[in-house]
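Following: one structure in structure tokens, then a few remarks.
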Amino acid sequence: MTDIKNPVIDANMVAEHNAQQQADLQADYDALGGMLARRGVDIEKLTALAGTFAVAVPSWGAGTGGTRFARFPGRGEPRNVFEKMEDCAVINQLTRATPAVSLHFPWDRTDDPAALKEIADGYGLGFDAVNSNTFQDQQGQDHTYKYGSLSAQSGAARAQAVQHNIDCIELGQKLGSKALTVWVGDGANFPGQNNLRGSLERYLDSMRDIYGALPADWNVFIEHKLFEPAFYATVIADWGTSFACATELGPKAKCLVDLGHHAPNTNIEMIVARLAQFGKLGGFHFNDSKYGDDDLDSGSINPFQLFLVFNELADAAERAKSGATDFNPAYMLDQSHNVTDPIESLMSSAVEVQRAFVQAALVDRNALRGFQESNDVLNAAQTLKKAYRTDVSAILAMARVRAGGAADPVAAYRSSGYRDGAAERRPAKAGASSSGIV
Amino acid sequence: MTDIKNPVIDANMVAEHNAQQQADLQADYDALGGMLARRGVDIEKLTALAGTFAVAVPSWGAGTGGTRFARFPGRGEPRNVFEKMEDCAVINQLTRATPAVSLHFPWDRTDDPAALKEIADGYGLGFDAVNSNTFQDQQGQDHTYKYGSLSAQSGAARAQAVQHNIDCIELGQKLGSKALTVWVGDGANFPGQNNLRGSLERYLDSMRDIYGALPADWNVFIEHKLFEPAFYATVIADWGTSFACATELGPKAKCLVDLGHHAPNTNIEMIVARLAQFGKLGGFHFNDSKYGDDDLDSGSINPFQLFLVFNELADAAERAKSGATDFNPAYMLDQSHNVTDPIESLMSSAVEVQRAFVQAALVDRNALRGFQESNDVLNAAQTLKKAYRTDVSAILAMARVRAGGAADPVAAYRSSGYRDGAAERRPAKAGASSSGIV
Amino acid sequence: MTDIKNPVIDANMVAEHNAQQQADLQADYDALGGMLARRGVDIEKLTALAGTFAVAVPSWGAGTGGTRFARFPGRGEPRNVFEKMEDCAVINQLTRATPAVSLHFPWDRTDDPAALKEIADGYGLGFDAVNSNTFQDQQGQDHTYKYGSLSAQSGAARAQAVQHNIDCIELGQKLGSKALTVWVGDGANFPGQNNLRGSLERYLDSMRDIYGALPADWNVFIEHKLFEPAFYATVIADWGTSFACATELGPKAKCLVDLGHHAPNTNIEMIVARLAQFGKLGGFHFNDSKYGDDDLDSGSINPFQLFLVFNELADAAERAKSGATDFNPAYMLDQSHNVTDPIESLMSSAVEVQRAFVQAALVDRNALRGFQESNDVLNAAQTLKKAYRTDVSAILAMARVRAGGAADPVAAYRSSGYRDGAAERRPAKAGASSSGIV
Amino acid sequence: MTDIKNPVIDANMVAEHNAQQQADLQADYDALGGMLARRGVDIEKLTALAGTFAVAVPSWGAGTGGTRFARFPGRGEPRNVFEKMEDCAVINQLTRATPAVSLHFPWDRTDDPAALKEIADGYGLGFDAVNSNTFQDQQGQDHTYKYGSLSAQSGAARAQAVQHNIDCIELGQKLGSKALTVWVGDGANFPGQNNLRGSLERYLDSMRDIYGALPADWNVFIEHKLFEPAFYATVIADWGTSFACATELGPKAKCLVDLGHHAPNTNIEMIVARLAQFGKLGGFHFNDSKYGDDDLDSGSINPFQLFLVFNELADAAERAKSGATDFNPAYMLDQSHNVTDPIESLMSSAVEVQRAFVQAALVDRNALRGFQESNDVLNAAQTLKKAYRTDVSAILAMARVRAGGAADPVAAYRSSGYRDGAAERRPAKAGASSSGIV
């Protein structure tokens, strides 16, 4: 069990919750263990593997999200990075699957990174990739990003955006981060607004400056997105552009895949396979979507797709292992919670991603290879489906309980009264969005 | 157990197969039963329910499909309606979930419907909706459908298409069918080719003639499709048009939903809910797709969507029950098997659809209503996910075994040697497609 | 020439602008007239027709729009309905194609509708359909719309939303409007959040109350939209649902088509044809889009589609004329101007829509019918293309000049210095969006 | 005027046709010339430029196409490569814009390439890129492509596919081609059918062998396509994969863009800009589409998109010129003509592509750059629209007439009676598709 120095939720409360669930959980676990044993699978190995899973939580996800039409605030939303960290601590304490936080600057900027790091340590939290923000104008900013940031026509705007990214790296270093994620909204709303090629040339120039400021052990992740906020042409719109840019920049530059940033009908797991093959898979922003960048809870719309992504990751990990090479893409959640308690959504989403990870580990890869080699298409497909159909809930719960988390994180959270307390401690600021995003 | 007079596969072979699987199946079934009992669910009720499920098999699905680029024939494909019935008999014998066949005329036309019906009886098979075909020209046909059929400018072509549909009804009556499914490929490849409104007016005129020929206890199902073979504008392109036409025609006209016939990102389960609400849900063509009318195996691409469709059907059935009204949409598979043995694909697809049916029955509808009424969005969503995540494979297998089918239909089929026998008995006709479709 | 009592831009300035353009315009007009004459078309008839065209301007379009990520304000944005009217007056004065304004409540609520109407009269402006807003919570509102408005589970929220719509009707009556446009963002972000059918039943109940409050000469327009702000299921998501609801409600209820509210690949002109055929085409929100509800300037992305929409409208108008029935759908712009001066975008967009209207009038409908009847597909398609390819810019400019508008509205506007004056008179309110929408 | 040694259509007939059109054409041309002069543009330069345009015709496009549902043959379809060449000769004779033919093997295989070349010479035709075909099984072929060709699991199937491509190169050399276009349908219909990465590794291995067989002055074009015939995952599905493969293979490998091979909503002109920037734009298959790979006539659905593609090509050409580098992408039509006379469609499509080329040349690039640099978005957009709106029909017609083609190719073709003659000379083979594709 991972010890947490300063747990936010009373550890006894969690223990009591688990005790109440224990009998049923053990019975379900044993029943599943028997089913798996009949398939030649050792449940204990899976449970141990589940315990190794980690996905970072986005600090901005702790606040209620919104759309361009409205934001309907929730109670007790965090008002600063310290309150966000407290919420993230709850998430990890109960799920034991989210030991790192991904910060967003300047939203989470602090003048005292040491203090922030110390608090995080107390919560048992580290810091994953930091995110820069040049898609909004900040109060008092010299140059607007209305017409672009890293790719802007204006040299001054570009320089300001580059400097902001370098600032992010410096702050991230003090916090122990090892990567910078760059997403820009740059693009055009009209044919003709930008020279499509000129925009990418300027973007690459700016990125070369940022790349040059990366510490030796850092990576930069390029995040592409098909559209929004630009509605005709986006500078980094697809994995092809992301890949070409990462290749131009050098080995520290890799591509980040957000599950909601693709054209309709896109086969995302194939993009994962391609980037893995060409050594440019940097990491993920997990979420789910039906239409566009909907930022819904991971696995809520198309859970089979999430499984297929992890099936590719398992394949790549196996290849890396047999090739004795590294394969460590960064996993982060990136969701907007408009109608749920963000803490609940992030907990259950972390579990959903973990579920896909465990289900992918259940795939009998030797059998799969055999069916593929003999063109036994039906059985190849069924090999994946068999793993996917397995309800591994008991494995996930047992892994949590063994690591000190909650058998049922949402139930435990609700009974803790944490949200009520937060609502009291954190009165709403009128009209304000805590997340930075509407 | 349903008795089958003339089983195609040796019943002893099936019994032996089941005997070998018995111990593991019973153990899995008991383990699942325990898990469900801890959730307050009686597995026996679900198994009994599973035994009531039925989905019709399309006669044309027994042959290998293809694309406009190529067809790669399989071994032992059926060459006529009698051989197709034999294959369909295998599917039902082993799955006990497909007791009816949906025929397609003129591909399956016979001059001796009584003989066909007698053979079907022996196989334990009935006949579901019959399908007309006015999207191809048949040898010796007087008027071409190149420029449309029921909506053609040419009155002669329209009259010919109407008469063909009436012929289908007459033949269907002799076979015991109770519905006609009308899908036309009519439409335009160019803006301007057709007057969009004029085409639908002519379609409606033609359909009124067909509607007038329906026996009292028959329905006509209007099947819409976004595109293909028409690539600019299709006369019956969406559920809105289908619904408007069904409304114009009268109570015997209903809408048929094919899961692959919608625009990208369409929420199909909502269309199901709408048609159920307005009393026009006639039935389904089940399959799966990622891009267009891909006609892939049901549940192979997006199994959660299939579950959500059945979740709506369960909701509608519950409403009908409490309102003491009828709710009996027709369920049919409609798939194209290009790289698998069609019999195997149809068996496993029938099981996938049945799986979604059983999972939907697992939804705790009272709890769901409560969460919906209190806007507890997270728990409402989890209520569906909990049912969906349940691996009901053992229930499906047990229901099959109890009904006389095979614990593992594909394995039993393979060990039966049926395909090898078919390959010997049915030498390929050079260049021919047995299915009618490339 | 339409007299405007209180022109916002100095009429002499406009006259001078036109005088400078006169020679070139006349030469272009004559050249085009000659080309048309050689095709048997009288340019003067087209110019007269162009002069009859009108499209309403949305009051909210006068402010700079934004996305959920950011809003980059422009200079001199209107801060209230009176300033919005002033901007709308400029648009109509220079284009003479936008004689009505579509208001949005409560954004544009006024306690003195008589004063607003008088000012509008002075500008030569009337009021088109009024829009209700139940997709945002307003300060001091009793019940939240976080979980829906007209379809909410909460009866109190529904009643509040119904009453707001009735208030809109009452205010609209005082201003001379004749229609209410109802768009709700109601829907779900998760499968299970709402009972899909229950939501529509509640929506219909609410709409029946609103319908009952309509004056005898009013219509209510139901506006559908595929997604956003709801990202899994939207209550009024497609034209099929809109049509079914309008049919349920009665003859005063019609469907409103926003060009950006459809699934990818949807054939919008066919939806126009269908609604016209079934008597339910209420009106349009014109804009353009590439991905979703992008709200880009009309005709900026797919001008041929806009032409094809007007081709259907011309067909419907011709049918109505020969049938001596009414056909008067409402035309409104609905755009979000993120990177342009809203006045410039609205002026050029109005001209683009007018261009499509005139090009559609150029279609030789007798020839088209002949080609359709003889299945001469290529020439049928070319008949549309020929009209579409015609550059009618000189006709549009001449119609404007003759009506008192500007030959080149954007150039005239820029030389007027109106924006500079507005920027001085209207200092920005910090952080505020004048449009209501981010 | 280009002399054609053996014109298929009587040259006097063409001259007579032109003489009849001469007065009107000259008047239209003069009127347009005046309009352009007032904008500072010299019409003669544009007409001269139009005369330099060339796009290759696909041999397979001369036959009637079809869908997987049906093919409705036309009259007088070509039955072999010589008859296809005759039809292509007509197209070029009348349009003077299609001086090369793109062949498809084995459909167009000949044992006497010298004879074919001589006949082509007489028609004034050359040979553009040759196309290999490993998406169909040919009679008597040793190994099936049912489960893939260049990426198949079977080494024998891969070797056979490689050898076929090498054969294509050898035959192409004898005909004077300089490039091989490789499109494979390889992919999967089910998750699990293929190892996604393994498939691409095998594809790359195969392509390395083909690349090695390229003559020094040849290129190989990799053609990607999102889906069909594979409906879950296609090996070369997008430009990113195509680009990565072309990069792996070397400088002779480039990417081919087919306008219909992308996901919905894709910004194709941006892909063109990206490939040009990174030196990998090999060429185009022009056509148009609304849904998928619809293969409709170029410019028939979204002519503005075609213009925007040429706008990027003009930008790239200007950059290449100022950088003194080469920029010569190959232009080919690739369409399926299901309801029109293929010769008519190919003629009018060539003209549509030429139209976009000329309109792109009309863009005032200096003004555009200025508007872009000053973020005058509206005028930047209008600069493109102004060029696009210009009806350059008279320029295209004049360029044709001056080169010896027909003022109105379709009208001239119809009056020539060519199709009637072909129908007599080429009686239909029962059931056969001349194009190779259904």
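Which chain is which? They are A, B, C and D, in the order written, and residues in each are numbered from 1.
The definition used in the following text is that contacts are C-beta pairs under 8 Å (C-beta built on N, C-alpha and C of every residue); 3 or more make two chains touch, one makes a residue touch a chain.
In this text the structure is predicted, and so the values were computed from the model without any measurement.
S.K.: Return the chain pair with more inter-chain C-beta contacts, choosing between A-D and A-B.
M.R.: A-D
S.K.: Check the residue numbers that subunit B and subunit C use where they touch, and answer same if over half are used by both copies, otherwise different.
M.R.: same
S.K.: Averaged over CA atoms, how far is the centre of subunit A from the centre of subunit B? Could you give it in whole Å?
M.R.: Taking the average C-alpha coordinate of subunit A and of subunit B, the gap between them is 39 Å.
S.K.: What whole-number Å value describes the gap between the mean CA coordinates of subunit A and subunit D?
M.R.: Centre separation, subunit A to subunit D: 43 Å.
S.K.: List, in ascending order, every residue of subunit C touching at least 2 other chains.
M.R.: Those would be 146-147, 189-191, 193, 226-227, 232, 264-265, 267, 290-291, 297, 300-301, 304, 339-340, 375, 377-378, 381-382, 385.
S.K.: Show me the residue ranges of subunit B that touch subunit D in the complex, using the header's touch definition.
M.R.: 66-70, 72, 135-137, 144-147, 185, 189-191, 193, 226-229, 231-232, 264, 289-292, 294-297, 300-301, 338-340, 437-438
S.K.: Touching residues of subunit A toward subunit B in the complex: what are they?
M.R.: Subunit A reaches subunit B through residues 24, 27-28, 31-32, 34-35, 38, 264-265, 267, 290-291, 297, 300-305, 339-341, 344-345, 348, 375, 377-379, 381-382, 385, 388-391, 393, 410.
S.K.: Mind listing the subunit B positions that touch subunit C in their complex?
M.R.: Against subunit C, subunit B makes touches at 146-147, 153, 188-198, 200-201, 226-227, 232-234, 237-241, 243-244, 247, 262-267, 269-271, 273-274, 276-278, 304, 308, 311-312, 315-316, 319, 368-369, 371-373, 375, 377-378, 380-385.
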